[in-house]
Amino acid sequence: MVDTGSPNTGNTAWMLASSALVLLMTPGLAFFYGGVVRSKSVLNMMMMSLSAMGVVGVLWVLYGYSLAFGNDIGFGLVGNPAEHAGLEGLFGGTYLASEGAPASIPLVGTIPATVYVAFQAMFAIITVALVSGAVADRMRFAPWLVFAAVWATVVYFPVAHWVFSFNGVSAPIGGWIANDLKAIDFAGGTAVHINAGAAGLALCLVLGRRRGWPREAMRPHNLPFVMLGAGLLWFGWFGFNAGSAVAADGVAGIAFINTTVATAAAMLSWLLVERVRDGRPTSLGAASGVVAGLVAITPSCSSVSPVGAIAVGAIAGGVCALAVSIKFRCRFDDSLDVVAVHLIGGLVGTLLIGFLATSAAPAGVKGLFYGGGVNQLWRQAVAAGAVLAYSFVGALIIALLLKYAIGLRVGDDSELTGIDETEHAEVGYELSTIYTGSGNSRVTQDASSGKIPAQAGQEG
Amino acid sequence: MVDTGSPNTGNTAWMLASSALVLLMTPGLAFFYGGVVRSKSVLNMMMMSLSAMGVVGVLWVLYGYSLAFGNDIGFGLVGNPAEHAGLEGLFGGTYLASEGAPASIPLVGTIPATVYVAFQAMFAIITVALVSGAVADRMRFAPWLVFAAVWATVVYFPVAHWVFSFNGVSAPIGGWIANDLKAIDFAGGTAVHINAGAAGLALCLVLGRRRGWPREAMRPHNLPFVMLGAGLLWFGWFGFNAGSAVAADGVAGIAFINTTVATAAAMLSWLLVERVRDGRPTSLGAASGVVAGLVAITPSCSSVSPVGAIAVGAIAGGVCALAVSIKFRCRFDDSLDVVAVHLIGGLVGTLLIGFLATSAAPAGVKGLFYGGGVNQLWRQAVAAGAVLAYSFVGALIIALLLKYAIGLRVGDDSELTGIDETEHAEVGYELSTIYTGSGNSRVTQDASSGKIPAQAGQEG
Amino acid sequence: MVDTGSPNTGNTAWMLASSALVLLMTPGLAFFYGGVVRSKSVLNMMMMSLSAMGVVGVLWVLYGYSLAFGNDIGFGLVGNPAEHAGLEGLFGGTYLASEGAPASIPLVGTIPATVYVAFQAMFAIITVALVSGAVADRMRFAPWLVFAAVWATVVYFPVAHWVFSFNGVSAPIGGWIANDLKAIDFAGGTAVHINAGAAGLALCLVLGRRRGWPREAMRPHNLPFVMLGAGLLWFGWFGFNAGSAVAADGVAGIAFINTTVATAAAMLSWLLVERVRDGRPTSLGAASGVVAGLVAITPSCSSVSPVGAIAVGAIAGGVCALAVSIKFRCRFDDSLDVVAVHLIGGLVGTLLIGFLATSAAPAGVKGLFYGGGVNQLWRQAVAAGAVLAYSFVGALIIALLLKYAIGLRVGDDSELTGIDETEHAEVGYELSTIYTGSGNSRVTQDASSGKIPAQAGQEG
Amino acid sequence: MKLVTAIIKPFTLEEVKSALEQIGVLGMTVSEVQGFGRQKGHTEVYRGAEYSVDFVPKLRVEVVVDDMQLDKTLDALVESARTGKIGDGKVWVTPVETVIRVRTGERGADAL
Amino acid sequence: MKLVTAIIKPFTLEEVKSALEQIGVLGMTVSEVQGFGRQKGHTEVYRGAEYSVDFVPKLRVEVVVDDMQLDKTLDALVESARTGKIGDGKVWVTPVETVIRVRTGERGADAL
Amino acid sequence: MKLVTAIIKPFTLEEVKSALEQIGVLGMTVSEVQGFGRQKGHTEVYRGAEYSVDFVPKLRVEVVVDDMQLDKTLDALVESARTGKIGDGKVWVTPVETVIRVRTGERGADAL
């Protein structure tokens, strides 16, 4: 339940910083994804992430936070959407201390409720953005916006309630995974990564493969952007993981160091797999290993030791590097490997807790290797399975409905020409002297005139 | 007045982080601006932002801070430049606590005075950098440096005093807008955005249009850079807005969530305008909507509710999206829409406070829609008008003086060839195998030899 | 020695943020470096930085931290590697306060030991990454990884002990430079910049010049990336310098403002040198000036006044701008000027303390110009010289051993074709419609099949 | 010897290439060009200003062939590059007096 | 049939294009090239090292025209591309034996 | 007048250029092309998928020369572009009927 009082400035400072860090992850993701697609789709790829910030940001304030963190309305399945609609009851009060009387505002734990809302908003945004990696190059923009809004509402907000809403923190009664099953998912291995990965799989199955995939090679057009994305993601992820302590304390400290070292280990093991399998360690591999490590340590950073974190990272990096072959084996076009990196990586991290958890870590739980038996392992498995299944089915239904209601895919022509030109009437780069040297495109109409016949791109 | 004592570590932690965040906004702006121009001007465009960090950074320490936050020397117009010249009196003391005796250093509020100085320095820097968007592709670099220094001194530092210097915070007596007019401008809708927008308008009027504008299309050369810029700006803006609480408290909290949701709403409404008017929602539109929303919520984030923030963002996004047509109607070449986004966006945000302010927000003021009548509205209007007029006239005079003293514009040839080559002897990108594959440019002279005849670029 | 207790949340918040900021510097460096090389080497250049995060990150947790911050095992030369192997003894305890009983965890100073470990880890990572600038375009990736691991172990970890390990902070007895010599190096002018610069010099001497250097011009391929790198470095450097206060206090405050203003001054003075010497102020010059200023203020930000910081920056910017000619005079191919910027810049900053230190600054030391005589100056000189010599000799030996053991250099062919293609089987950019427009590269084998004959690139 | 120059739509390159390989053409040179003709370009929108881009990205394929191979080559090119839509492109033939293989100095047909 | 190849300064393309359209040329193909000749290149400076770049960015405009159109075309090209400054470029004419429109297979003048 | 077109390896351009300058060639036009031929391309790997890139980056050098200069030019080109490795490229010669210097309108040899 939301108490009122005066916040701890140190914890609040860290959570404000963490919220900003997690927000930056979505632009970071836009570059990680945008660099991997071909140059004719870079803008659309980035727009899917950016637009998630718009759509989910607004919904979160209107009712999303309440669905996730409002008081449970039954069986730990979902919060009360009306409870804090428009953030009612989460702001106001005496903001500033005055002669003796301390500030007194709504708090969640030791921080202002609004800060907790903002921090959690960023999680909702990036989870939706992650899904877009599965549908590169071929999904119309309008259906994407609708999918983002509906999937967030029907799948993400409830699942966040299951996993992140602990009894008595933001509301008296929270979600079933956190409070009844007692699975450990510190920062979102299930709610964020398995969730997004399963949804991406469903969406790309409904959408179908890209023209020419897999025969035709679709080479990344800008690998430095991928590395920029990986760098920004790693940076922002400290807010994601260490911020999930909701305090600047020892829990944040171990989450931070574990996030650092697991990611380092995952990068190395992905590169090792490439060296052995492909003969060359690649920059895309290093960047992918970074993300795989970050994904796997997300649920587990509060329950393993730093050496355990090295193990988590090394295993995740290797497993995900091998998992990229699944889509070729099963012939589904998960264009940017959301399944291999986020679904598989999330599973690895969530399940390894059952083996590697040590009571010296904040979660204070013993895994199989530390004499804890399978008690924690099965809880982890159930949580992972439940989220996976619910998200996959939910996304599948939403995608099918949209497919038949408004259609999901761009035409073949526009896949050939490039979705940027046909969906957004733009091109990512204009470096040719044919244009920059002179005026070889005319302004046919400027913003001061009214509606124009939109007739972009019939190159096909 | 500057007290001495020992700082609140939590508030200091947040203000240190905020200062770093706001610094990052200027490189972010460099990419937002740099991506929109043609590839032959990208370096100059970025250099105008980067150089503002150099020029304004040094001036701020020498006398700028004192002009803005020194004790008022009359009518709330400007601070005493000598008061803290070289930051005299703002550092020193007992930095560290020692057996019992606490640290005792100069403070502003609860944080070290030096941190307050640094935080405010970043505002001065970015305001100057914002102006450069109006003069893309055609302004010589030396006059730009002079303009930056003079405009900062004559316009920004005093205006910052008017708006940001509250009695008894950094000095006993502060500025007239903050203390006498009591207009609300939490983080700089007037002092930063209206100020920069008006100056940009004046400067581009004096400078004149680019060769070929508006007939000739000047297409953005790197839209992913624009999105990178928008992402970094949004990220840094949390320091700008939530940092303006100068504490890690509930005020920062609501400023933070309002900044998030207003920006989200503005992005969506800009895209909606484009969809209707142009037939396509664009990535440049999404990025521009982000900035428009950030601009509008800047003055208002402490005085509206989260739902009010959605309204502020939605209105600003729509209005700015339509305002881009003004320059075509009136035929002034505000190259990167500093007027449409910053001047108009700043006006929207500043005036909307008069309508949407709610007493549940920290500012504790009632707007027209909350039964507060026009009492606040007219104050907002006066503040906006005063800053707009002063900045426009000031910039106009400075620009005219420079024009006749040293000239502002590059030659036609260099506008054709590209200002990067002629002003900076560089090109932004060198991707051709004609050069990278071999040695087809020779080193004619290396850094070990002396002065060279500079004779760059006669391609025209 | 590591005490246990409950951390100061404000200081911890700032150190968590600082650690994240310093981590971001390495991707920032990857862009600063990656933009300067030719497009055929951009990925390898970035990979050298990224891989340092992997290799050093893991070693740091295993034994690196102990070598640097474990209790001294003799003469202040190195810490006890076994002391905290795998961070043993640095985590655990009561993480959360419970009814009355406060949290009690291992601390370093007022922050969790794990946070201190993480913060210092980032220093080790970036120091190794800095070295790579000297060996652009021509060093095989595997030997680089080995060099990084060995040099970090044999050179960086001990030198960090000398300079950063103060008696009684992380262990009872620390390093000789910090405790016996009492030279001032607040954030790493010697341990980071002189250290990396000297190693880079040794490595590039052993490696030899690039094919065609210096006759053939090797033009930067992406200067906006260089500016992005400079921006991210400046941003992250606030964590580096102000974070070195290990608290959110007045020391951090003055370090922060000095870092801001010295960097601004250095940018301006580098541009001035270029204007006079070359006839044009360049964007590469501005970015290089930023880094030179950051390097020079790193050791001195706690011991000079803000006006002193302007002097430090202005001198460093000018000296480094002139120092880039040394490699041409002496004909060694320090490809990205690690010597001119980091070695020289580090020396300038370290020695200037001996002149410009003022007792009003936290270090409380008087330099020559403030009546302190040469007492501090000689200490600075000894520290700089010791680190320079040890690092140079250490790197030279390691490089020579590797050269004869496994070889360091790629073949001429691959230098012609591009190291990205031959070492990483990738190209940085693929913008041509020859590929993006259609399927003109076939997938010959996908990840679902096994090992492939690696036969990349025989274009030469 | 003839030089056959074909302006084609980018995405047809792969088919063109294999069609030429089929009839025994051993080499070709491809470059990126911008075409102007009957096929109209596309429209771009930036901050409400509509830009009409008249040029259309095309590829130029150059093949030097022996006279007897000419007709086969033209047929192969035209077949494989055709989509039937406007903008499919042109093929033109110019006479070649000598061809030399740089590596060996061989001339004429042997140089191909 | 003739192939007219013109090397021009990039910023003259728009005028060249409209000049050609005026005289009824229906299509052309443009590509980016680097030119070397009397016009000297420019100088770049990186960290104090001065680099001299000998090549100058130019555009190559290729137009296939009917013999009777040749002179009109040459005049139009030379007029519209001329700035009078060194480096304005060259125009050269080579014989074309056949032209085919890919879409229809038409040959000769009809293919243009 | 002849048009000499050479397809060469990028890194040989500088030598080719100076070889041509030596024999008094005053100008040339260079463009980037992708070559397909005996020389095999390279392999790239992305997330375990191996991509074979068939095209090899080459440069096209075009020189218009006077007939008497032709042989000198061909020799210079072939000498300077040769590395002896497969993929060195081709040189071909086509007849040129007219050359015009845009700046002056001069025709023929004077236009070069």
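Observations on the structure shown:
Chains: A, B, C, D, E and F, in written order; residue numbering restarts at 1 for each.
Going forward, a contact is a pair of C-beta atoms (placed from the backbone, for glycine too) under 8 Å apart; a residue touches a chain by one contact, two chains touch by 3 or more.
It should be emphasised that the depicted structure is a prediction, and the values quoted were computed from it without experimental measurement.
Minimum number of contact steps separating chain B from chain F: 1. Centres computed as Cα averages put chain C at a distance of 51 Å from chain E. Chain F has its Cα centroid 18 Å from the Cα centroid of chain E. Mean C-alpha positions place chain B and chain E at a centre distance of 45 Å. Residues of chain C in contact with two or more other chains: 8-11, 13-14, 17, 214, 217, 219-220, 222, 228, 248, 277-280, 282, 284, 324-325, 328, 416, 425-427, 429, 431-432, 434-435, 437-443, 446-447, 452, 454, 456.
Looking at chain F, one finds that residues 9, 11, 17, 30-32, 34, 44-52, 54-55, 57, 85, 87, 94-95 touch two or more other chains. Chain-to-chain contact here is organised exhaustively, every possible pair of chains being in touch.
Put simply, chain C touches chain F in their complex at residues 416-417, 421, 425-427, 432, 434-435, 440-447, 452, 454-460. Chain contact summary for the complex, chain F toward chain E: residues 1, 3, 17, 26-31, 64, 94-103, 105, 111-112. The touching residues of chain F, counted against chain A in their complex, run 44-52. Chain E contributes residues 9, 11, 34, 39-40, 42-57, 85, 87 to its touches with chain B in the complex. Touching chain C in their complex are the following residues of chain B: 6-14, 16-17, 19-20, 23-24, 26-28, 30-31, 34, 42-43, 46-47, 50-51, 53-58, 60-62, 86-87, 91-93, 95-96, 103, 105, 111-115, 117-118, 121, 141, 222, 225, 228, 248, 420, 423-431, 435-439, 441-443, 446-454, 456.
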